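Have a look at the structure below before the remarks.
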Amino acid sequence: MEIKRRDFLKLLSGASGAVALGTYGCSDIIDVPEKLIELAQKGPGIVTWTNTICGQCSAGCGIKIRRIDGIPVYIKGNPTYPVNRGGMCPSGHSSLEVLFNPDRVKEPLKRIGLKESGKWDSISWNDALQLIADKMIELRNVGKPHQVAFLDGSDQPGLMNKHIAQFMKAYGSPNYYQSGQLKNNTAPYRLLQGINQLPSYDLLNSKYILSFGSNFLEEGYSPIYYTKIYSHLRDSSEHGRTRIVQIDSRISLTAANADLWIPIRPGTYGALALGIAFVLIREKLFDDNFIKNYSFGFNDWTDNKGITHLGFRSNVISNYYPEQVSKITGVPAETILKIARDLGNSRSSVVLGDQGTVDNTNGTFSQMAVHSLNALLGNFGKDGGVYFVDLPPLADLPPFDEDEIAALGNSKKPVAQSLDTNYPLADFSIDSFTKNILNDDPYPIDILFLYKGNPLFKTLNHHDFAETLKKIPLVVSFDPFITETSEYADIILPDHTFLEKWDKFCNTPTVGFTHVGIQQPVIEPLFSTRNAADVIIELSNKIDQSVANALPFQSYENEIRFSVEKLYNSGEGAIISEGVKSSWLEYLQQRGWQIGRYNSFDEFWKLLTRNGGWWNPIRQTKDYKELFKTPSGKFEFYSQNFANIINKLIETTGGESPENREKVLHSLNISVRGDKVFLPHYEAVPIEENMPLYFITFKLLTNRDGQSSNQPMMQEMFGYTVREYWNSWVEINPETAQEYGIEDKKDVWIESPIGSIKVRARLNPGIMKEVVAVPFGLGHTSYGRYAKGYGTNPITILKNKYDMINGNPALQATKVKISLAT
Amino acid sequence: MRKMVKQNSKLFIVASAAIVLVVIVWVVLGSHRNITQPISYNHKIHIEEAELTCVDCHLYVETMPTATIPNIEICQDCHSDEPMSDSPEEVKLLKYIEEGEKIPWQRIYAVPNHVYFSHRRHVTIGEIACSNCHGNVEELTEPPSYPLWLPTMENCISCHKEHKVTYDCLACHR
Amino acid sequence: MPKWAMVIDLDKCTGCGDCMAACKLENNVAIVSPEQTEEGRVMFWMDMMSVYDGEYPHVKVKRIPKPCFHCDNPPCIKVCPVHATYINPEGLVGQIYHRCIGCRYCMAACPYTAKVFNWYEPEWAEEFKTCLNPDVSLRMKGVVEKCSFCAHRLQVVKEDADAEDREIMDGEYMPACSESCPADAIYFGDLENRESKVFKLSRSPRAFKELEGLGTEPKVIYLSKRE
Amino acid sequence: MNSTENTSRDKIIFTAQLASISLIWIFVIAIAIWILNLISVSVDLNDAPGISIAISLVAIPVFFTLASILTYVFVGFHKNSKSDLNNTLGD
Amino acid sequence: MTEEKTKTIDIDEALYRPIYETGRGFYLTVGILLMIILFAAFMYVRQVYYGLGVTGMNQPVTWGFYIVNFVFFIGISHAGTLISAILRLSKAEWRRPITRMAEVITAIVLAIGGLHPIIDLGRPDRVLNIFTAGRLQSPLLWDVTSITAYFTASTVYLYLPMIPDIAKLRDRGGKLTRFYDFLSWGWQGTDHQKKVLNRAINILMVMVIPIAVSVHTVISYIFSMTLQPGWHSTIFGPYFVVGAIFSGIAALLIVMIAFRKVFHLENYLKLIHFQYLSTLLLIMSLLWFYFTFSEYLTGIFGAEPHEMDVILYKFTGPYAIFFWSMVVFNFIIPVIVLSFKKFKTIKGILFASITVVIGMWLERLNIVIPSLANPRMELGSGMYFPSLTEWSLFVGAIAVFVLGYVLFSKFFPIISIWEIEEGREESIKEVEKRVKSYLPGPAETSD
């Protein structure tokens, strides 16, 4: 030991100084050495940032992961990603709790014993895949590849759905479904405009935004994109400030931020829209030019057979005068007049509808009525109106030759489409899906793949769907967690969490420009999990060469590269980049967009993965022909498309006759007759008379689909607005509460014809008097330690009702009784 | 009698002084157990004969908060297959390198994790010599077995006061 | 000497709650057990207030994010018996966890209820400990904690600025909430710097402070068109 | 009665009493030092030292007075009987 | 000399008896109390181990029973020293059997009360930080100083008048002679010693009163120095002092009645003592009401919204029952009981005193909790339910008080014997002389 005496003395004085607890007494230092070594950081603490795409919900925000010595510790929004521009939502911030969740499935699992027994045994990847492949080969060998179904819960347009579709097609099954409602939700636009896409709204340029139940700041497809827009609307000077009017049964986040909240009875949005149309027509506040030249069925018209048909105008004028509408909706007639006049007189004004409007049995018709207001205002192809975004120039998956077995399988009728006349515009109806599988109609399903989404938690017909899952001999789940749905799986092939995997997303619905986002791993996989896409490639290789040919890629990452290469070749758009630090508004208005400079695809790819995405802000002006792909080539108030569909249905029921027509309309539950059926109209929602209160559910930013329930941070924040944590509540208007003798923070029973739930009452003046609302997302019976047993799932007492046209679950069609729980 | 009383009290004083001393010694010495490193690294030889500087191995001293202790990745740059000396310590090192196993160095200098201490701040910006806190390491033929200078708050603050730099709590506490 | 301040534009803020989550993630704020939250022991450095106004159906709701206000004349530091909470020359009201004796006098004295207390030892699942932010120390049971304006970021930013021998730039030092606000409603910067956004906004006619009459002079300034 | 035993007992008790009085003084002086230390800290940290000084101005004399009263009583008791003690103990 | 001594023994034997005779009751009481205290100690250790989470305190209500009890016990402590000092100062002759009892309450209760803030600490292991890094700017430190000063002063004030009695015990012999010898400080009862003692007591008397008043004012500063509605009030100082004296007298009455019953002191504590003291209690009750009234009047008249929130919460909120029972216990019952001769019996006075003590505890509760439960910001109000830990520490604290008192009465006479003697021998003459000096008539020239 060569420590000098002086040093030793210094040491001694230093230590005894600590002992003597001097002026700044830091007593903890006494026990330092051991503690120090324990607490000392392990690495140098080198910070790196990686850009990727958030996978917490379908919005697809660009995020930046802060990694310290390779371990992700913090997330912030990617400031250059055009969708969210650095913004994030609470749920995105809890992504690390997905990655590091203690309840993750760490290796492939095989069920032991009965379904839902909760007992699992580990199985090697190879065995599991071989087992599935053998089953699939067997089905193909007996010529029944169509008896395989794939249920994809992601509601996100990207590469994954194409990947699965390609696989299923090559295998020979028409039964690939996205259980999200994205495709179903386009039904109104299919009927009115013939467009199979959700519109985007140019909110930035509009001066008056009338939202029919569209909770775009919270429940929309991309709440953060709309929050950014909202923020810019509010940033503008007082003069000419955009007014936002929200029509909703309760004060949602959007209503709270709107200038005016108009409470409305659930299920009557369509009537209100038509009431507003009445005023617009009466007071001649509509766009004459547009109506005259680009619309069909506004006035009464005569077809080539000489039959006069009812026009939109006559229908509205005769049936939807404000007093009548006021009776239906509960909105005072003066209010209807006022908003209609404001709407008609503001240039420009835009009307949007979602959630409240569409989540009901009459959703499609209501949304048609709402959208027809945009037509009255001539809101197509103009600033501050409605527009449709182009698809990015991505490469389609390479074409392949399907073999005979596959061709035969693909020719079969998809099992989730209705065999009778229900839900004519449904792309996927869970109601038909369960009914048909349970009845082996037209054929049984032997293998079901489940990817993302936890459909069992969200379905109204919980029992039937559970039975379906029990019935199917082999259910394979790709879930990285054991959810309610995967409790019924036979094999779980755990997927990576989104922070460990490659994926590619494009064009988040309703976002107003073309964009592509690249999701990439920010950390090596923590456990023995595999990207579901890679598993599918592997499976295809195991099954048959002809199936394998459809997905000729080493890995999913290569597939993404392949698909993106066309983006590079197209020369359109640009990789998102910093550089321009101007505001977002200026970004959008910037038309002369310059293309980034990259000399090779490799360079492009490197930059793309580094920056996290590509976008093309230039919106091509489209002429009306492209916007209206209807038989008339115009905006059809009178939907000829719908008329054709109904006619086809009538034909299948036995040919045109008034009886058959009546039969079809009756089985569709459409109450009106004649031409009104094809016009936007109000369909009364069938409700129980003996129940006094409407029951609705809503979603919160903290837990949009119940998928964040296994993240303690989100569970804690769940009801931050009402200061309820880890718990559900029911919002009741104070006056209603008084009527039923209910006090704040007391438990109440909510009883519907289906069942009853016990929830804590929270009095809230921001809800209609005849409505009670429970947030959706909690009440899990599985899904890990943080989710199981907290809160209540309101879906369990909803009636088994669906939109009569597109088969979406009707979340607001139930009425209930409430009473104080003792 | 009085004498006895006096003796008693004397005894008492001596005894209590002894107890206090024992406590102090126990705390001072007991607080740093002598740490023996897995390899008895010779700083002197590396600096004088291999002509290395601190930064060559403690890579992040000038740029990062933590200086880091070099491990096999850095050692193996020089110590590849052939031993350079006949030191038994080098044999140990080569074994670690061969097996690709990290050397389990024991840290003897560390601040508690509620303290933000940055080497960059002190070395690069403050231009304080390493020896100020770590002592004359270049003269050491074996690694120090306990910290030369304890990072107690008193020590930090007295030095900060001496150099007239901030001793605001939030400058270090986090 | 800079004076750090925050401006929250309530007209832009939607009340999405992202600031709360960002704060929890950045500052390793403990997630207490559900039973504890029921007892009112939930910990948010950044909290959210809901203000209801008006009679049905003309109800208005405003959600207001509420961090520590870092008052210039903080009532909390006056009562602290041990210098555990204090105001530094840059206007940050610091909380020194290892000094705090847990008397909770500062919590009782704070008119904004901005402080939270560790009633139990904060706990994380072993897996979650991996991703705790190493820049922020973990608190222990029995101490008071609160929003620090992410002062640990300032330590780094200052060091970067010093290393490059320059002043801290406007927007270089940002707390997590301000950084990730999707509505860009939270501004942060130096009140002494006349060029800074925060300085300009603080002079806006829309600017107001919570409980201004108390003379605490909070450095979190709200903007709202007063209706 | 054994007088030597008695006186030795008296002696021990007397020292104990003296010790207790000095303990009180130590206590009081410690408080004074403590308060002065707090003042110096608050001056050092620029932390409204005025209040500290005001309090110390009140508190320190109070403690000193109390200690003085005790000492006065103790000394007063023994002053009177000093002659008796001297007589009995001799020495 | 010896004759005289035996004579006094005969007369005041009742006062010595508890010291020399130990019954089963004593052991039983001490045993039970020790068990309660042990349980409380266990609960405290548990609290230190797990953290303050075991209490019922929560986010807005960050202070609970411990602070309530702290204020309450310090309030009770005003029984003693202050009352005895005032009575001594005013030469009220009826004080002689009471003063010791009152002073003992002070000393014991102050020690207990002073410990409560430490019990309340989240990190009791860091309590030394107060000494190494304290801030005298904090009202909490003012408390530490003033309580220490008051404790020292009142212990001295208890001890000095006890010296002659200790000497008496020493002279009586017995097992603890050496202990009494040590404590008697060589008291021989000489004139010089008496003079010294009297002078010291006189100085102390004058000193103790301002200290006592200041202590409770300083306690009130803990609250009134903050900006919280319901706390930030200028009359808090005197309000607390009045409340303290009020509860102190009630506690003193309870103790007197208890010891009168247990030690059979009917000959010493006569009805007149109770009547005098209860009149004082009545006055304090009225004063207390006056202060309460003006406290709320200023609040309601000013109608500052946050202040009104708290006041309405107290009047109608979940703690309203405590508020109104406080008014009943502190004002209505004592005023009714003590105003009518019919009720002003020992039993009646005991009843009124007990309600006052409970009522004053409720008052402290009503000061601490509602203000905290109603934060100024829109966060909703909080609720506070004390946990088992807090209850057991409360009961434990009371047990410590009772145990302390029981043990004190085991070792020292509970009534000042020499003062009684002095009263018998000299004061009648002295009083006569003094009263004469008050009476109208020709001014006495110095003879």
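Structure notes:
Going in written order, the chains are labelled A, B, C, D and E, and every chain counts its residues from 1.
The rule we apply is simple: contacts are C-beta pairs under 8 Å (C-beta built on N, C-alpha and C of every residue); 3 or more make two chains touch, one makes a residue touch a chain.
Everything numeric here is computed off the predicted structure, so don't read it as measured data.
The most central chain, judged by C-alpha centres against the centre of all protein C-alpha atoms, is C. The pair with more inter-chain C-beta contacts, choosing from A-C and B-C, is A-C.
When each chain is reduced to the average of its Cα atoms, D sits farthest from chain A. With each centre defined as the average position of its C-alpha atoms, the distance from chain A to chain E rounds to 68 Å. Computed centre separation for the pair chain A/chain B is 56 angstrom, with centres defined by C-alpha atoms. Chain B and chain D have Cα centroids lying 47 Å from one another.
The geometric centre of chain D is 26 Å away from that of chain E, both derived from CA atoms. Counting only residues that touch two or more partner chains, chain A has 22-24, 26, 28, 41, 45.
Within chain B, contacts with two or more other chains are made by residues 112-113.
Residues of chain C in contact with at least two other chains: 42, 50, 83, 86, 98-99, 134. Across the complex, chain C is touched by residues 26, 28, 41, 45, 68, 71-77, 84, 86-94, 96-97, 99-102, 217-218, 223-224, 227-228, 230-231, 234-235, 238, 251, 253, 255-257, 261-263, 701-702, 712-717, 720-722, 725-727, 733, 735, 764-766, 768-769, 790 of chain A. Those residues of chain B whose C-beta lies close enough to touch chain A in the complex are 24, 27-28, 31-33, 59-60, 64-68, 106-108, 110-113, 135, 139-141, 144-155, 157.
Note for the complex: chain D touches chain E at residues 9-10, 13-14, 16-17, 27, 31, 34-35, 38-39, 41-42, 47-48, 51-52, 55-56, 59, 62-63, 65-66, 69-70, 72-74, 76-81.
Contacts from chain C toward chain E in the complex involve residues 36, 39-42, 47, 49-51, 64, 66, 75, 78-84, 99-105, 107-109, 111-113, 116-121, 140-144, 210-211, 214, 216. In the complex of the two chains, the chain B residues touching chain C come out as 112-116, 118, 120-121, 124-125, 168-174.
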